[in-house]
Amino acid sequence: MEETKPRKIMFVNRKAPHGSIYAYEGLEVILIFGAYDQEISAVFLDDAVLSLKKGQDTTELGTKGFSATFRVLESYGVEKRYVDKESLAQRGLTEDDLVVDVEIVDAAALRKVMGEQDVLLPF
Amino acid sequence: MLHIVNKSPFKFRNLDSCLRIAKDDDPIMLIEDGVYAALPGTTLDRMMKEALKTHSVFAIQADLKARGVDRIIEGIQVCDYSCFVTLVEKHVPYSWL
Amino acid sequence: MKFGILIQEGPYNHQASDSAYNFILASLAKGHEISGVFFYNDGVINTTKLMDIPADDRNISKRWSDLGAKGVQLIVCVAAAKRRGISQNVLIENARIDGLGQLSELCIESDRLVTFGD
Amino acid sequence: MEETKPRKIMFVNRKAPHGSIYAYEGLEVILIFGAYDQEISAVFLDDAVLSLKKGQDTTELGTKGFSATFRVLESYGVEKRYVDKESLAQRGLTEDDLVVDVEIVDAAALRKVMGEQDVLLPF
Amino acid sequence: MLHIVNKSPFKFRNLDSCLRIAKDDDPIMLIEDGVYAALPGTTLDRMMKEALKTHSVFAIQADLKARGVDRIIEGIQVCDYSCFVTLVEKHVPYSWL
Amino acid sequence: MKFGILIQEGPYNHQASDSAYNFILASLAKGHEISGVFFYNDGVINTTKLMDIPADDRNISKRWSDLGAKGVQLIVCVAAAKRRGISQNVLIENARIDGLGQLSELCIESDRLVTFGD
C-alpha cells in the first residue's frame, strides 16, 4: 500500500430511500469523505436509483427528506457519479427523472470501474 | 384478509409471495417501499396489471409523495392513513414482512 | 374497534415505527381504541429515553412517550429488551417492560392486530 | 367480538433462521401463546421452511440453535402446523428433510385456512 | 473483486444483481443466509450452475452446518473463515447487502 | 495486511456482528492487523454495556469489549449513536465514540475494508 497515492473509494448504493435509513446515512458518509483528498465516486444501482428521483416530498410522512442533498455531491468532491442504466429501465425511469447530473452507464462499464477501486462501500 | 406489503418489489420477493397466496378479492395495501410497485412502465407492470384483475390495490399517499411517485399504474387507488384504517376495520390484516 | 399494534423494528433504521405511529393517529381520529402497542425484536429500541435527536428531525421515543401519556399502553418485551440493553433505567416514561404473555393478551382482546416491521 | 370464544391465532413464518433473529423470536412467542386457551396454529411459508430442516448445528457458528424446539410445538398446544408445498419444492426439500410432523398443504388450502383466522402474526 | 452475498436468494434479489454485475473470474463468497444458494435441486439450480461456469463460488462451512445444508451443488467450494480471509487478501471485497 | 471492518447492523437481530467477529478472529490468527472496527447505523447497538444476556448465549457486547482490550480499535459513530440512545454513559469499555471522519481514515489506511450488514 502506497501512503501517498490517493485511494479510490467508491460508494455503491443499492437501497431505496425512506423505507430504511441506509440511503440517508450513506449520503452523510459520502459528504464527509469528500473532505479528504481521495478519489471518491458514487454508483447508484438497483433500488438506489430511486433515491435520485425528482419530486420527493416527505412533509406528509413526517420524516426528513434528503434528495436535494444529492445535488451537492459534485461540490463535495465526489467527482464521478454513475447510475446503472438497467436499474433505471427496470423501474420505468429515465435520466430526466433524476435530480442530479450523472453518468448513465451499462453493466460492462460498471463492472470495469468497480473493478478498479481500492475500497467499495455498500449502502 | 388484507395483505400489507412494505418492501420494494425490485429487491424483495415479498410481493410475489403475497400474490401467490392472496385469495381473489382480497385487497392489497402497499405501504413504505412497497408503493414502488405502483410505478408505471416497470418490469413489474404486467404482474401488477394481472393482480388488479382480481384484487383492489391501494397505496399510501404519504409514501408515494415521499418517494416522488406522482404517476401510478391505472387502477391502483391512492389511500391516506384513514383509508388504511378503514381497510383494517373490514379485514384481518397480514403484513408480508 | 380495538386495535393492537405490534412493532418489530427499531426507530429511524426502518420506517416501521413511523408507519405504526401514523396508523395509530388515524385510528384514534376515527374513534377507535388502541388496546396496546407491543414492542418486540429491535422494536424495543423505540423506548430508550437516551435518544439525542437533531432539532430538525422527529424525536421518535418522545412521540411514543407522549402517546403513552394520553393513555395508550406501551409494552416492551422483557426478553428482547435485555438483549438490546433496554432496562427500566433507560426506559421512556409511560411505557412498561413486561412479558410476551402481554402480546398474547393483546391478540385476544383486540379486534385487530396490525404488525409493522422489516 | 365474543369474549368467550377462543380466538384463531396463526403464526405465519416466512423468514430463514440464523441470518436474523426473527425465526427464533417468533418461536419463543409461539411457545408462550400455547399456554393460553386459544386456537393456535403455525404456517411455514417461503424461507421459514428452512427453519424446519434436519441436521442444523450452530456449534461452529457460536450462536444458539433452536430447530429441535420445533418438535415440541404440538405439546405446547399448537395443534395445527402447516408447511407450504411449493416453498419446500422451490428449495429442493421434501417432507423427509423436516424435523417435525407437519401437514403439507398447497396454496389453495393455505389461502383458505389463513382466511379463517382472527389474528395473523408475521415472523 | 470479491463478491460477498449474505441474503437468501429465495427472498432477496441480491444474488441476481451480483451475478449481473460480477466480472468473469471474480470469486463469489456466500455467507450467512446466502449459503442457501448452495442447496441442490432448487429453482435456482440452473442459475447457480451457469454462475459456476465463469466464477469460483465459495460457501462458509459454519453457515452451511448451522443451516443443515449437508449436500451442496457440485463445484461450490466449502470454505472456513480462514479461507474467507485469504480471498479478502487477494481481492477487494464488496458486500451485496 | 491491514483490514478495516464496517458493521452496519445491531447484535442478535442480524448475523452481521457474528460474521464480523468470526472474520476478525480468523484474520488475527493469520497474522493480519485489524486497523479498526467502525460501528455505523444500528451497528452502534453492539456497544451498549447494558445488555443482559441469557447464560447459554454469547454476550456480544462483552466479546467486542474483550477484543478492544487486546488492542483492536472500536469506533462508534457519534451521529448514529445519538439517534439510538448510545452515549458515553452506556458505552462498553475499550470503545470510543467518534465522527464519520474516522471511517474515512480507516478506508485510507487499511489495505482492505470489509462490510458486514443486512
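By written order: A, B, C, D, E and F. Residues from 1 in each chain.
To be clear about the criterion, contacts are C-beta pairs under 8 Å (C-beta built on N, C-alpha and C of every residue); 3 or more make two chains touch, one makes a residue touch a chain.
What you are looking at is a predicted structure, and each value in this text was computed from that prediction instead of being measured.
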Each chain counted as touching chain C and chain F at once
A, D
With centres defined as the mean of Cα atoms, the chain at greatest distance from chain E is chain C
Expressed in ° and rounded to a multiple of 5, what is the rotation angle of the C-alpha superposition of chain A on chain D?
180
Is the contact between chain B and chain E built from the same residue numbers on each copy (over half shared) or from different ones (under half shared)?
same
When the centre of a chain is set as the mean of its C-alpha atoms, what distance in Å lies between chain D and chain F?
33
Approximately how many whole Å separate the CA-defined centres of chain B and chain F?
38
Taking each chain's centre as the mean of its CA atoms, how far is chain A from chain F in angstrom?
25
By residue number and range, which residues of chain D touch two or more other chains?
14-15, 18-22, 46, 61-63, 118-120, 122
Find every residue in chain F that makes contact with two or more other chains and list them.
8, 12-13, 15, 22, 41, 112-113, 115, 117-118
Can you tell me which residues of chain E touch two or more of the remaining chains?
6, 10-11, 13, 32-33, 62, 92-93, 95, 97
Could you please write down every pair of chains that are in touch?
A-B, A-C, A-E, A-F, B-C, B-D, B-E, C-D, C-F, D-E, D-F, E-F
Taking the touch rule as given, give the residues of chain D at its contact with chain B in the complex, in rising order.
12, 14-15, 22, 45-46, 86, 107, 110-111, 114-115, 117-120, 122
Name, in rising order, each residue of chain F that touches chain D in their complex.
12-15, 18, 21-22, 56-58, 118
Considering the complex alone, what residue numbers of chain F touch chain C?
10-13, 41-42, 45, 48-53, 61, 82-87, 89-90
Given the complex, residues on chain F that touch chain E span 1, 3, 8, 15-16, 19, 22-23, 25-27, 29-30, 32, 112-118
State the interface residues of chain C toward chain D in the complex, per the touch definition above.
2, 6, 8, 40-41, 79-80, 99-101, 103-104, 107-108, 110-111, 113, 115, 117
